[in-house]
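Before anything else, here is the set of structures, which you'll find just below.
Heads up, the next two complexes both have chain A, just with different partners, chain B and then chain C.
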Partner chain A sequence: MKYDKDSYKQVVDEFTPKNKMLKNCFYAFIFGGAICLLGEIFKNIFISGLGAAEEDAGPMASVALVGLSALLTGLGWYDKLGKFGGAGTVVPITGFANSVVSPALEFKREGYILGTASNIFKLAGPVLVFGYLAAFIAGLLKLITG
Partner chain B sequence: MNYIMSFVVGGIICVIGQIIIDTFKKNNAYLLVLMVVTGAALGYFGIYDKLVEIGYSGATVPLLGFGNTLAKGAMEEAASKGFMGALSGGVIKTAPGVAAALMFGYIVAVVFNPKSNK
Partner chain C sequence: MKKIGKQTFSIKDNVFIRDTYTIVGKKEGQGPLGNKFHMIVEDDLWGEDSWEKSELKFQQTAVEKLMEVNQLKKNQIDLMISGDLLNQITSSSFAARALQLPYIGVYGACSTMALTMGLGSLLIDGGFAENIICVTSSHFCSAERQYRLPLEMGGQRHMSSQWTVTGSAAVWLSKNGSGPRVKNVTFGKITDLGVKDANNMGAAMAPAAYDTLSQHIKDTGIDYDLIVTGDLGTVGKGIVNKMFKEDNNSIEKKYDDCGTIIFDIEKQDVHSGGSGCGCSATVFGAFLYRKLLDGDIKKLLFTSTGALHSPTATLQGESIPGIAHSVGIEI
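And then the complex of A and B:
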């Protein structure tokens, strides 16, 4: 059986999974919102419970979220959450931590130095490269414009 | 109120991310790079601070906030220390999160073994 361009596209569209964008967005909203809410709860615990200063509590909450996410990734639970949460589990800083731990675990069989340590920034590296670059440019522009 | 706004603003930022993923169907790394650079740009123009005032952790926990912290750190240090400040300011401000990811990541990788994808 032969297809021309249009009928081929029809067949392809038929077998392509239906667009689930709305459902994905709903889950992204719930999961992403919940992770940010957890960050705010951590922050308040550090302020009122441990007497941390307001400006220190933010980084402390980030560290707590990163630690939690690293642990959940190690247990294999974060990836399960990610199947539902989509971007909701990728965009928060927990997703950054997950992108550090995942390759570190995956390449463990190649050794602790050439496997885990070499590949630990395999996915997060681009974020740091472009992030640091953008920050440097922002700093330079600030220097020039005053 | 902080809790509700954190949830809503954080949720909306993640929905924007989900729309980008579903529309362009690229590797997540593209999304993360886009988020960090956008956050740095918004931070440079002082726009992101307004979002942080509204959304609290909802604005600081997503990677946009990471970009914002990077840019603002570099700008603050540049103002006081010149070129060397521009070079190191962003890195210093974001060091806790990055270092934590590195340390915890390595420890977890040593302690746990990879799970097979079921």
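And then the complex of A and C:
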């Protein structure tokens, strides 16, 4: 073979299409922003419509977004949103819900225990592990600094 | 000795490709070859309760239909050689369980169609068999879940990524009859130039395709009318063209890739093109074979390409080994 790994890498770079960064950023901004806006709308409805206290309305809005995302994943629509939204649909809490529900659905055929339950955190696992770790470190720092 | 040159086996006796049968999914049916496939299945699950079961039904039905159309009885088939992409090649062995034919299962990732046809031809030429059925399959959904992410996970696919073809093709090789004949077979070497990106399989496989193609051409000295690779997509196809051009032996005018033939790259949103065992298999069975029968081409070099990729090995930092097998066919 006339190429080695280094020279071939240049050939690969020449032929591999680049991702459309600017377009992706724009869509991520619009979709991510729309999801946050929806959260704000939920929050306002919970406060003015249902009379929830301000500190309760935030978590309630998060729960509503998670529920909505799970529903859209189940209907097979969230992946279509994700195709356009990219990071805009992955980063918000709805993306987290999607990453839990999608493996849960996928592995249902292997049974509820060894399929769904074993694999439900396949994608979300790292988020949970490092989330807990960050919370632990933050708690430790608070304990030390008072 | 039936070996010629460095790496090619020359078939001395007659090995005819008697017939093919192809079944594809809905998306493939909507592609440019839509009216050429023997059967199009609209539902991903095809009435089964999992994608894996659906895939084996593709494979099993392709063989059953091929036998039915040609009025072949089970006792006339000496061997079935098959392979697919799933762990333990389950689609193949489970289809073989139902078909009750003597069975050899092989794994060559997406290079499987040429691999099975090559092996089958050698066995017939060696006088060990008269009739062999070669079959492969792949399914977008079963492949995605094994190699990538859950289907309902919302995210973006890389521009160099490819779309696994849902489909299966069965090919009947026979010592007797007439039609296109397998003349030369070259089994490739594993070629790995360090590509680690599982979203760029075309680039991982292109050096293997170049290596096998150039070796086959050197060994046989045949001037082919059409040279076709399995599933390099637009990225890999471009690289292969570049490599041959650098040898001052451009094949661009007579070279194509099944991954770019099966889908309309622009309209069908498949990024770099089609892939999977079913890609080269169904394009051969539905399109290339017919081109030979119709006399559009007389000499075809059919080369399936495989990325012997393992998600575990990739996570451990390994690069993706590529392989390509060539089958030279003439009428």
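The rule is simple: the second predicted complex is superposed on the first by the 132 of 146 C-alpha atoms of A that agree within 3 Å, B and C clash if a C-alpha of one lies under 4 Å from a C-alpha of the other, contacts with A are read in each partner's own complex, and residues count from 1 in each chain.
Here, a residue touches a chain if its C-beta (ideal position, glycine included) is under 8 Å from a C-beta of that chain, and two chains touch if they have at least 3 such contacts.
None of the values given here were measured: they were computed from a predicted structure.
Look at A:118: by the touch rule set out above, it reaches neither chain B nor chain C.
Set against each other, chain B and chain C touch different numbers of residues in chain A, with B touching more. After overlaying the two complexes on the shared chain, residue contacts for A:65 are found with chain B alone; chain C is out of touch. Applying the stated contact rule after C-alpha superposition, one finds that A:135 touches chain B and leaves chain C untouched. By the touch criterion defined above, A:78 reaches chain C but does not reach chain B. By the touch criterion stated above, A:11 is placed in contact with chain C alone, chain B being left untouched. Looking at chain A, you'll find residues 19-20, 24, 73-74, 76, 79, 86, 90, 95, 99, 101, 105-106, 123 touch chain B in one structure and chain C in the other. Of all residues in chain A, only 1-5, 8-9, 11-12, 15-20, 24, 73-74, 76, 78-83, 85-86, 89-90, 95, 98-99, 101-103, 105-106, 109, 122-123 touch chain C in the complex they form.
Those residues of chain B that touch chain A in the shared complex are 2-3, 6-15, 17-22, 28-29, 31-33, 35-37, 40-41, 43-44, 55-58, 60-67, 70-71, 73-75, 77-79, 82-83, 85-87, 89-91, 94, 96-98, 100-102, 104-115, 117.
Per the touch definition, chain C reaches chain A in the complex via residues 49-50, 145, 149-160, 191, 193-195, 200, 203, 207, 211, 234-235, 238-239, 242-243, 246, 271-272. Those residues of chain A whose C-beta lies close enough to touch chain B in the complex are 19-21, 24-25, 28-37, 39-41, 43-44, 58-63, 65-67, 70-71, 73-76, 79, 86-88, 90-97, 99-101, 104-106, 108, 112, 116-117, 120, 123-124, 126-128, 130-132, 134-143.
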